[in-house]
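Next up, some structures in structure tokens.
In what comes next, chain A is part of two complexes: it sits with chain B in the first one and with chain C in the second one.
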Partner chain A sequence: MKLWLEKQRYLIDYTLASLARRKARNLGLLLVYTLLVFMLASVTLYTHALRQEAARVLASSPEVIVQRMVAGRHDLIPPGYMEKIGRIRGVQKMEGRLWGYYYDTVTRANYTFMVPAVSVPANNEIIVGPALERSRGLARNNGVTFRSYSGKLHSFVIAEVLPQASELVSADLVLMSEENFRAFFDYPVGHYTDIALSVANPQEVRNVALKLAAALPDARPILRDEVLRTYASIFDWREGIVLALLSAAILAFGILAWEKASGLSAEEKREIGILKAIGWETGDVIKMKFWEGLLVSLTAFLVGFVAAYVHVFHFAAALFEPVLKGWAVLYPRFQLSPHIDGVQVATLFFFTVVPYAAAVLVPIWKAAITDPDTVMRG
Partner chain B sequence: MIKLQGIRKAFNQGRDNEYWALNGIDLHVEANKVTALRGPSGSGKTTLLTIVGCLARPTVGRVSLMGEDISGLPERFLTEIRRRRFGFIFQQFNLIKGLSALDNIILPGYPTGRPRHELLARADELLAGLKLGHRREAKVEWLSGGEQQRVAICRALINDPELLIADEPTANLDSHLAREFMAILRDLAAQGRTILLTSHDPLVVDSAVVHRVVDMRDGKLQGGR
Partner chain C sequence: MIFQPAIIALLLASALCVLGLAASAPFAFEVMRRWDIRSGSERQLQLERRTYLFSTLLTLVLGLQLAAVLLFVFNAEKMSGMFVGAMCAVGTLNVNAFGFPALNAKIAVFFLAAMWLAINHVDSRAHDYPLVRIKYGLLLLMAPLLAASAWIELQYFLGLKADVITSCCGSLFSEGSPTLAAEASAMAPLPAMWLFYGSLGAAIALAAWHGLGGGRSRVAGYALATASATAFVATIAGILSFVSLYIYEHPHHHCPFCILKPEYGYQGYWLYVPLFFATAAGLAAGAVQPFARIASLREIVPGFSRRLAAIAASGFALTAGIATLMIWQSRLMLLAQA
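Right after this comes the complex of A and B.
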């Protein structure tokens, strides 16, 4: 056992010395490899964290949202609609919601105006999202005036700025009282933008949606699960775009790795011959070269992944943010909660480290099983 | 010590460029003696040396070491024999560049798993014996031809083998260094080691250190002294 341990120590010593001897080449390879892992890990970590964030925020949203459709377009909910829904079994709670979009010519951005269900601001007071606070340079107790679509000016006082934690969905939000909202948009009394429904039993959500569609043929029930799925597919799509852009880099690395893997330099072949001639076993030579490949790829993976983690969770993925987060004038600025998915790490590991380490082995194996007599012939 | 019977060796067998480097060699290499294989280039000296040193297998024929037939042994066992019983001094020295003289010398000791301090002590002893102690930490590419050869000799001796195999050991040395090598060879022979070498250098083959010279031509033995 002691001899075996000593032998392994020698192998590791020799592997490290061997890496150090080809410093420039190995450092170059390590750099390219690390960069690739960094980019891939950044994209996957970021989109995964965004998905998690969206799911976390939407977890508290209603199970079903009912919209009314006219000629295939979203229309206002007329009075009497709520009463019809109230008769459907399984609906625990129902709430008419008021919200709409407003284009601000000053910042050239769209805001979402909304009447909250709880903590409704007093009349002529509003609560704003953090992006609005930044773009308009607003603070608590400041006054702000918006020109409504009818041309009238409406002035409000900022009662509060929403916390950053919820910025993914609240960046462009303006919360106001129902009276202010209806006056601003000339919204008819008794009409709502849509209806939020709570369903007690999650198993019943789909049945409730079916009953809704039957009772109100012009209604479109939107399930929370569908919204989550939509978010997920948007992030998947964006992830796909970035990965497509990165494909050139991946291809370049593939060629580099293949170049290294498919052919040994004359010096490496000579070295293998010498080691075998002086009594190293084929297995020892293969093991040593395998450790060499594994060490390079493992270091690249660890450094690349840690750098990607720092990039995503401490520098808000500055490199890929515009593509991955979406297109808007008001970018939400928020700190993603660090989250690492084991399967994701394993997948990345499998597709970066394993092929490289394995590819390196093939030519080594070929060289190592040949007779060492070639070394005698110089 | 080593017996070769009916040894034939083909390269590229079965192809258009098939070539028989050895054509029926019967030879007995005696223990504790210095034997030299002499012959022109292409006579098969080096091929024969690789077969004796378990670096290659004969296509036909038998090789026995201390009475044991080793020509049919699997690669693993041949490696073990090579490591424990043979020391090699190659014509081009075949040292690994980028490593120090000391690291090159202890390389054959790695697969044995001997403790490092033991290997280092033995390497220092060998280096001191060949007056090279002051160059132990120097990278081998910084050494002169003679120094490189002495490092190669130390490496061949690190596992204390019974047999030394040297291929054209003076081919890359001037006369002065060749004489120095012969002096080392004399000491090694005096220690009772069996030495088999190839050479067509008169300084080697005509030397009194060499007990027996075997002539070769066209892959066959031609007699000798």
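Right after this comes the complex of A and C.
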């Protein structure tokens, strides 16, 4: 065992020295390789962080939301509807929610107006989200006027600005009292936008949804798990698409690696010839080349991955953000929490090191079977 | 659902493996027909040179298969969030009929690959390549298996539909359902423990016997391979029947996959990784025994086999030790003293 280790150590020593002798050539390949790892790792790290963020945000949302459908469109919950649902076993709490969208012509953005369940603002006071604060230059105790859909002007005083930490969910939020909300949107009395149900036991959620669908055929229950699953698949799908697009880059890299490995310089050929003349076997040359590939791969992988980590978590993935995140006028600013996932590192390894290994295999072999006499004579 | 990064990577690896094998098949035929080590002809020289290319290629392909098993399970575990009813890898694998066959085929290919690589290793160390024909013959036998495994995997991934309601480990490994896995789960803890520790102990003892004898005893080599296969099955049965219960601290949760979840600190990998390596080493030790009498391998096989035995013994010991530690630390009482 010790002998084997020693042998590998000498091989690595030799390989390092030989790599250093051809710096310019190897650095070029290393640079391209690192860049490839960097791009792929940025995509995977970023989507994974987004997935985590979505899961974290949704963790505190209600388990089931019930919407009423009329002719396939979302409609208001009429009075008496909640009574019809009645008491379903497993449901801890049921509440009607009031919320709606408002298009602000000043900022040309949509706001979400909502009546919170707890800590409702006083009449004619509102609580606004951080993105709204930025876009309209508002501060606490400022007044703001919105023109409602009926044409009337409504003025509010800003009681509070929501903290930055919750920005992903609260960027475009405007919280107001129920009375203000109904007056602003001319919302009919006793109507609600939808109903939120809290279910304590996660295994009961599906049963609750089934019972709801049976009791109210026009209701559409939306499960939190389904929303989470949808988000996860969307981000995975986007990631997959970007990776599939980048596969052209992987292919190009494979070709480059092949070219680099097969274009042996005369000096290199001589070197291999001399090695074989002094007793190296073909297997040893292949091993030496294998170490060369491994060292280059690991260096590129490590540097590329660390660079991607910095790019995603310190520079907010500036390069891929528009494709992967989606787009909105009032897009929340948020800091992603750093997270590395084992599956992703493994996947990334498959995407980069395996194509490289496959591409350099034949050139390495061709170099290794060189006959010493032909090279040295030539 | 083919646009999942890990799925793309796995399919890429499978495609590469099948391509690699397809590329080496004609060469394998040629070697089997024309190989003659005593000849100095141009053709023989060409063949000898090409064996280097193809053994490197196959080492890469089969090594990739070893890594792919891990990624496959990793990924099944991770995707469980996307299917209704799935709570761990079991749910993901149950989404369609190809899930578990794909996993089993991958595990089978893993062990076959390990054995082939062992034969390849001893062959390439002998000066006259005595096993070259056998090696490539075996490869031709393995190629359809590998292609089938890749095909099942592709069917499985193509058939992944997010709207399928799958069943979770609770229903598959519950004691009432009529599957083989359920039979194993239903085994009472005490006999399962005997089987678990007995088979692991036997495998360790045989590995020690084989290793301490310098790897020269062929009977011990075959016995080690048999014991390794038995220990693998018994350990999986033991994990189903009682080790998982101790980890979950729940008397009816028999799932062998949930222990891979972060909630349980990825403890499962500590059990499975040594188990798989030990089994592979044990099987490989058996696989090289038929060739121990060939003149040029007489000095090579025992030494290599001894090393494999050492890996097998330490792997199985590690598995047993880790399982015992998990049981020790658990707060579940499965066997109350009468």
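By our rule, the second predicted complex is superposed on the first by the 328 of 378 C-alpha atoms of A that agree within 3 Å, B and C clash if a C-alpha of one lies under 4 Å from a C-alpha of the other, contacts with A are read in each partner's own complex, and residues count from 1 in each chain.
Operating definition for what follows: a residue touches a chain if its C-beta (ideal position, glycine included) is under 8 Å from a C-beta of that chain, and two chains touch if they have at least 3 such contacts.
These numbers come from a predicted model, not from an experiment.
Once chain A of both complexes is superposed, is A:Y149 in touch with chain B (first), chain C (second), both, or neither?
A:Y149: touches no partner chain.
Answer with first, second, both or neither: which of chain B and chain C does A:A346 touch in the superposed model?
second
Once chain A of both complexes is superposed, is A:T282 in touch with chain B (first), chain C (second), both, or neither?
both
A:A368 contacts which: chain B (first), chain C (second), both, neither?
After superposition on chain A, A:A368 lies in contact with chain C alone.
Which of the two partners, first being chain B and second being chain C, lies in contact with A:Y101: first, second, both, or neither?
neither
Taking the superposition on A as described, I'd like to know which of chain B and chain C A:F315 touches: first, second, both or neither.
After superposing on A, A:F315 lies clear of both chain B and chain C.
Once the two structures are fitted together, what part of chain A is touched by chain B and by chain C alike?
Comparing the two interfaces on chain A, one with chain B and one with chain C, the shared residues are 282, 369.
Under the stated contact criterion, what part of chain C meets chain A in this complex?
Interface residues on the chain C side: 1-10, 12-13, 16, 20, 49, 52-53, 56-57, 60, 64, 67, 70-71, 74-75, 78, 81-84, 124, 162, 307.
Using the touch definition up top, name the residues of chain A that touch chain B in the complex.
2-7, 10-11, 14, 17, 20-21, 267, 270-271, 273-282, 284, 369, 371-373, 375-378
How about chain A: which of its residues touch chain C in the complex?
1, 44, 206, 225-226, 228-229, 232-233, 236-237, 239-241, 243-244, 282-283, 286, 341-344, 346-347, 350-351, 354-355, 357-358, 361-362, 364-365, 368-369
What part of chain B is in contact with chain A in the complex they form?
The touching residues are 46-47, 49-50, 55-57, 75-76, 79-80, 82-84, 88, 90-92, 94-99, 103, 107-108, 110-116, 155, 159, 167.
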